[in-house]
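Down below is the structure, laid out as structure tokens.
Order as written gives the chain letters A, B, C, D, E and F; numbering starts at 1 within each chain.
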Amino acid sequence: MSLLSLPDIMIEPAVRAALREDLGRAGDVTSDAVIPPAMQARVALVAREPGVVAGLDFARLAFRLVDPQIRLTPRLEDGARLQPGDNIADIEGPARGILTGERVALNFLGHLSGIASATRGIADAIAHTGARITCTRKTTPGLRFAEKYAVRAGGGANHRFGLDDAILIKDNHIAIAGGVGVAMARARAAAGHLVKIEIEVDTLAQLDEALAHGPDAILLDNMTPETLREAVRRIGGRAIAEASGRINAETAPAIAESGVDLLSAGWLTHSARVLDIGLDFLD
Amino acid sequence: MSLLSLPDIMIEPAVRAALREDLGRAGDVTSDAVIPPAMQARVALVAREPGVVAGLDFARLAFRLVDPQIRLTPRLEDGARLQPGDNIADIEGPARGILTGERVALNFLGHLSGIASATRGIADAIAHTGARITCTRKTTPGLRFAEKYAVRAGGGANHRFGLDDAILIKDNHIAIAGGVGVAMARARAAAGHLVKIEIEVDTLAQLDEALAHGPDAILLDNMTPETLREAVRRIGGRAIAEASGRINAETAPAIAESGVDLLSAGWLTHSARVLDIGLDFLD
Amino acid sequence: MSLLSLPDIMIEPAVRAALREDLGRAGDVTSDAVIPPAMQARVALVAREPGVVAGLDFARLAFRLVDPQIRLTPRLEDGARLQPGDNIADIEGPARGILTGERVALNFLGHLSGIASATRGIADAIAHTGARITCTRKTTPGLRFAEKYAVRAGGGANHRFGLDDAILIKDNHIAIAGGVGVAMARARAAAGHLVKIEIEVDTLAQLDEALAHGPDAILLDNMTPETLREAVRRIGGRAIAEASGRINAETAPAIAESGVDLLSAGWLTHSARVLDIGLDFLD
Amino acid sequence: MSLLSLPDIMIEPAVRAALREDLGRAGDVTSDAVIPPAMQARVALVAREPGVVAGLDFARLAFRLVDPQIRLTPRLEDGARLQPGDNIADIEGPARGILTGERVALNFLGHLSGIASATRGIADAIAHTGARITCTRKTTPGLRFAEKYAVRAGGGANHRFGLDDAILIKDNHIAIAGGVGVAMARARAAAGHLVKIEIEVDTLAQLDEALAHGPDAILLDNMTPETLREAVRRIGGRAIAEASGRINAETAPAIAESGVDLLSAGWLTHSARVLDIGLDFLD
Amino acid sequence: MSLLSLPDIMIEPAVRAALREDLGRAGDVTSDAVIPPAMQARVALVAREPGVVAGLDFARLAFRLVDPQIRLTPRLEDGARLQPGDNIADIEGPARGILTGERVALNFLGHLSGIASATRGIADAIAHTGARITCTRKTTPGLRFAEKYAVRAGGGANHRFGLDDAILIKDNHIAIAGGVGVAMARARAAAGHLVKIEIEVDTLAQLDEALAHGPDAILLDNMTPETLREAVRRIGGRAIAEASGRINAETAPAIAESGVDLLSAGWLTHSARVLDIGLDFLD
Amino acid sequence: MSLLSLPDIMIEPAVRAALREDLGRAGDVTSDAVIPPAMQARVALVAREPGVVAGLDFARLAFRLVDPQIRLTPRLEDGARLQPGDNIADIEGPARGILTGERVALNFLGHLSGIASATRGIADAIAHTGARITCTRKTTPGLRFAEKYAVRAGGGANHRFGLDDAILIKDNHIAIAGGVGVAMARARAAAGHLVKIEIEVDTLAQLDEALAHGPDAILLDNMTPETLREAVRRIGGRAIAEASGRINAETAPAIAESGVDLLSAGWLTHSARVLDIGLDFLD
């Protein structure tokens, strides 16, 4: 069963905006000048490096919104692993429209596949543990819904989508509020019954204080695997344990083996390289 | 004289959209719950690593749109070089609003400073030559105007902003049109008098063919420094020479020393890491 | 401490849209024709019936967006109880603008105060118990964020803000999925670590089945107070207990006394009468 | 002949906004998790109480925008009277999409049918007279066009759609302008030839003064049936007579029997209960 | 008393859109390159030909949205007559912003002043009669509210603002409906009490038929002054008489002298030349 | 090969906005009242005067967005020359929708065809020379992309689309910057490699100074044909020569015969009369 669907109504505004950004006030002057309007083309979206694909619906919409006669037929689904040369989708239709939509389609596809691939890299590295990799709110402005989707496509879990869908008490909140206890009490009083409360701690002493107030989750920031192991022992299943700080494919296994439930990494969404996907003209 | 200005009217829609994306339907439930409304704070935007700052107006608007009482005072200007610990700006105002706006402000600032820093890295590496570094249309959907600005802040030059503001004839255009000559002729007939024409070539033979049609610029794709040197010789100042393919801080000097006018790199805008900038609470 | 804040950036689009809806293509032709432009006025927002006020920021913005010279000075805060004749706010400025903005301001204020007042009615009726009143997704299209806010102003708690911020498995989901067990298992696998899972049950038998899968909350639909009492006993604190169906000021006390944590009612947001608030010209 | 049509282009923005409001940044996480993507369903929109249906096009668009494969087949038209159990429309298509669109479709349908039903209640109560029921500008922000449409579906007439499409001189206008005469003269001078002028009066003395200036319509506010009868006599067909204040199913007949042309009631649009319409899964 | 006001909230979207259209994705590259940021300027908006000014608020907003430090001080009001060399407004502030906003400000001001001037030309030509000049729905897409305002500024009256604010039965409506009688009867049944009904006739026979059904206004299309005189006689004050077809400064007096109430002309809004207004740098 | 294409995605927002502007809050009350919903119609778009057609896609979209059952079949293409009576397109579908969409379709078609026709008039007048006619940024706010397209349809060339896609140094820039040399130097330093630089000169002396700095194009403002001839001689092919000022069908030939490359005229887009195109009902 797919956990990945986004209805077109959620995708379409972003794709329309990207096309208008690229078409500007005169449209694709190169293709209009150089390509005869009746010319048809068949092209393939092809992986140029290993990774995981994400964003096929964005690419499909980009071509369709440029010209409804263009048909994109997926050969793979979002979340599929890619090897160099893999055919991701076939595209047929007027050559002009395919050339016009190419860059926007690839910009979405490369960006989201890059995030999915980075996520998959960590997910694979910790697959032998019970931990999962998750993202943060450190996303590219305007694309959070899409980047969170790409994390899911890469086998990751989603964290908060915004400031409004869970309470996450960070160090500055605690400092300004005047301590873990008062912050937790205020959060508890304010939270709706379907809103979970997470609190960030930097030390085991803070952890003990936090645990006394029964949070749903605890963010263990920048701890060594050894300290994490002790933290997990103290939490004892009473809250979800999330580790953050310096998560990458090398560090992730040891962190995950500490017994935490989650590893979170901002760079998945803000600094992942695009995945190199190209568009090959077949005839 | 600054070449970097973007009027707020160009920035504001992106910042508003990012704030609404983060505030969702309930706003900042954590700060609302935990921080007393009358609490004031003073914080500093501080560089955590070396680089170049870009996006201060985006950060200023993010805080002001959350709460007009928040005042951001820049200590540096976009384009300034950063060392770890450098104070980029001071921010004063209601603590709630500062915490609410923090993530959006940093998401813009980190993303754009990352691009500026990457650009500056190449610009410095080729500073001993006459060449400049430039970007492409491989940008993050919806943020092209901002990312192109960040490239300028990093000392780079801008390429096309969209499909509509210059003609760039690529390999697929040539193939579908039926050759360099017919493509150039059609482009010439269609271009407005302020529209330049650039054409991509992969070999010296293609270069010779292209030169016969008098393009304003030639994109020399994936050539070695030696081939580039020969290409520059053949162009002989009749067109701008732009080199693309595998541009990074290591390869850039040799490429630039070939005598080309421009080095273009898509990764500056699509794959640069964010620059680590933090927000420190002073009291 | 106020739990009620909505930054203006969240409110402004709705107020702008409402003003444009009312101003149409020619503006306020009556006031333009009849009221001299230099005329000033002082008016008061006054309660005409008992209730709770909500939406003052919407009213303030409505007047300010019509004419920045109009000043609204609140005499009460959102959430305050009202008696007939209570002065809610004073407004001063150009008479034309006050007359132009009056209807939009009152439409927001009456609608949101109506919801706050209805919520407060139930909250008061169950104040002797540990239960709270909450709302649903049965909101007026386009105004959910505002109506949820009004529920908070009336002393209520918020339920889900949308399909995306918690999992709520209803009868149709269970039927189509093929049973409580499979639905719960799929939900568990899909939910992020900050996403709670609630499941709806109609009978005690269903409740027992659901409890076996450890949901965070259980929606007990259309049960008598006696059955609710037994349900609460069986839940035994392992999940939040929410009662729904036929909640009003008469039925709420007995339902709340069953020991449930929450009473939810769609009519608070979709069918509450507006609260009668008027605008009195002082001179 | 139908007087009820609204082209989809007028409806679509409101439906898109409502869907995006409900789908948020992650979509329908429950249905995505619990319902297999290939599952099909047949459901019926069914009336749960007597009333009048309005808003079928809003429901149709809601489902179609979620998934174009969903087909809604109306069994009744807007304006039709409903009995409990009446089948309003059949819906077929992917089960996920039907569950995803259900709440938005019902929120529109229930809200607009509630207004149509309330209007029909008054229209029926005064059907033995020549008077008609009409609405006001006291509408829900953002939904005026839809609520006015629902009034028409319930057999009512529409009043002004905004501040711009007719002149309505109210008590405050008269007071600030300095009297009925000066207000009417200024209105007459400003009104376009297709713009009617209505004036509000509270007493028979004001009525006489107003009549001397030849308004197109007179709003008789809060008068007893007896006073209304005398007012109608004095108007003598020279202007449309509209009665407002405390209009409901009990008071309406006596008010209408006074001979007025119109009864206007704000609560039709601002305080009508939603009509209970449900969605039954057939298989 | 001014009948001309449009609140900024009605104007701002059009001005923002025009500025973004002009600024594109890189802003004003010429002024950014050439003008030092600290440079201040004083300029004057000056009439280059006789006419009537309209659109000062559009110009003021254009400059303010580019740079809030720019101050526009009107020397005249919309509707004022202009002679060549007249100073319309003074503008002070940063030179860059003034140069950046100049074109958008002048595009609005010239376009709307052109319409006002054309309208004033007809209004003056018929000032000795009781007739007024009015516009139509033949407006520039997106600017109807502004163009109708310019007609008022030029001394004209407004006709319908859209398809929705009055009934105007044209020849095609009559033909498809099956005659004047049936069309009028259907219109009467559908019209709200504040909606006027106008019907177009081409001959005196059609006029007689129309008059039998009591329309509020009659559009006498393409009749000679003599026929118009007879038509006015037959109407006898029972309806507003509007003449259309070939209205210009030469033909208007004779047409107006026929006794009609209104002359309507589409070209006022769709084909009026811009009025030449320039921006002079004072120092 | 057509150089005229605009993808629907560029056109649709303008057409939607125009339809909503015309439909307002109640839709087409006349057609709804008078025309039975099942009535079908066949109509033709017919030229009433000679000219050039432009905007057929705008008209097609206007009808389709009102009712997807309406089919517009073009008989000509944008850019075609028209004689009175020429059939431009056939339209079939529901009569109501055709009447509802008529005005918006014709407003676009008449406006854009008017611009195309005016452009063609000049283009024909200079066809015996090597010069082309071009437009300016003096366009109707919000419609620049469409008006520039219409210029192309009339055989003209496009100038800058906005402040951002080329550098055009005007007299005020030179004055504020402190001379031609400093302005050119700053522009050269700021311009991207695909951005051309044009400079305006009023005298031959200024021309000589400008030429020394190697601009891509020179705008020769308000010079006589004789002076233009001398200017062209001095330029000697080193830059594009553009003549502006008082360009019309009478003056254009002599100006073009001076040897300039381009004639530019603002009135093509800001003051061209609409072309008279009508909609004839066939049955």
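FYI, a contact is a pair of C-beta atoms (placed from the backbone, for glycine too) under 8 Å apart; a residue touches a chain by one contact, two chains touch by 3 or more.
On a predicted model such as this, the values are computed, not experimentally measured, just so you know.
To find the repeat of A-B among D-F, E-F or B-D, check which pair has over half of the same contact pairs by residue number; it is E-F. When the interfaces C-D and C-F are ranked by how many C-beta pairs touch across them, C-D comes first.
Subunit B and subunit E have CA centres that are 44 Å apart.
Inter-chain centre distance (subunit A to subunit C, centres taken as mean C-alpha positions): 32 Å. Residue positions of subunit A touching 2 or more other chains, listed in rising order: 1, 3, 21, 23-27, 32-33, 100, 144-145, 158, 161-162, 164-166, 186, 189-190, 195. Only residues 1, 3, 134, 157-161, 164-166, 186, 189-190, 192-196, 198, 216-217, 240, 242, 261-262 of subunit A touch subunit C when the two sit together in their complex. Of all the residues in subunit A, the ones that touch subunit E in their complex are 21, 24-25.
In the complex of the two chains, the subunit E residues touching subunit F come out as 14-15, 17-18, 21-35, 39, 41, 95, 99-100, 103-104, 106-108, 110-111, 114, 137-145, 161-170, 172-173, 175-177, 183, 186-187, 189-191, 195, 267, 270-271, 273-274, 281. Within the complex formed with subunit D, the subunit F residues making contact are 16, 19-20, 23-27, 32-33, 36-37, 65-67, 96-97, 100.
Within the complex formed with subunit F, the subunit D residues making contact are 1-7, 9-10, 144-145, 148, 158, 161-162, 165.
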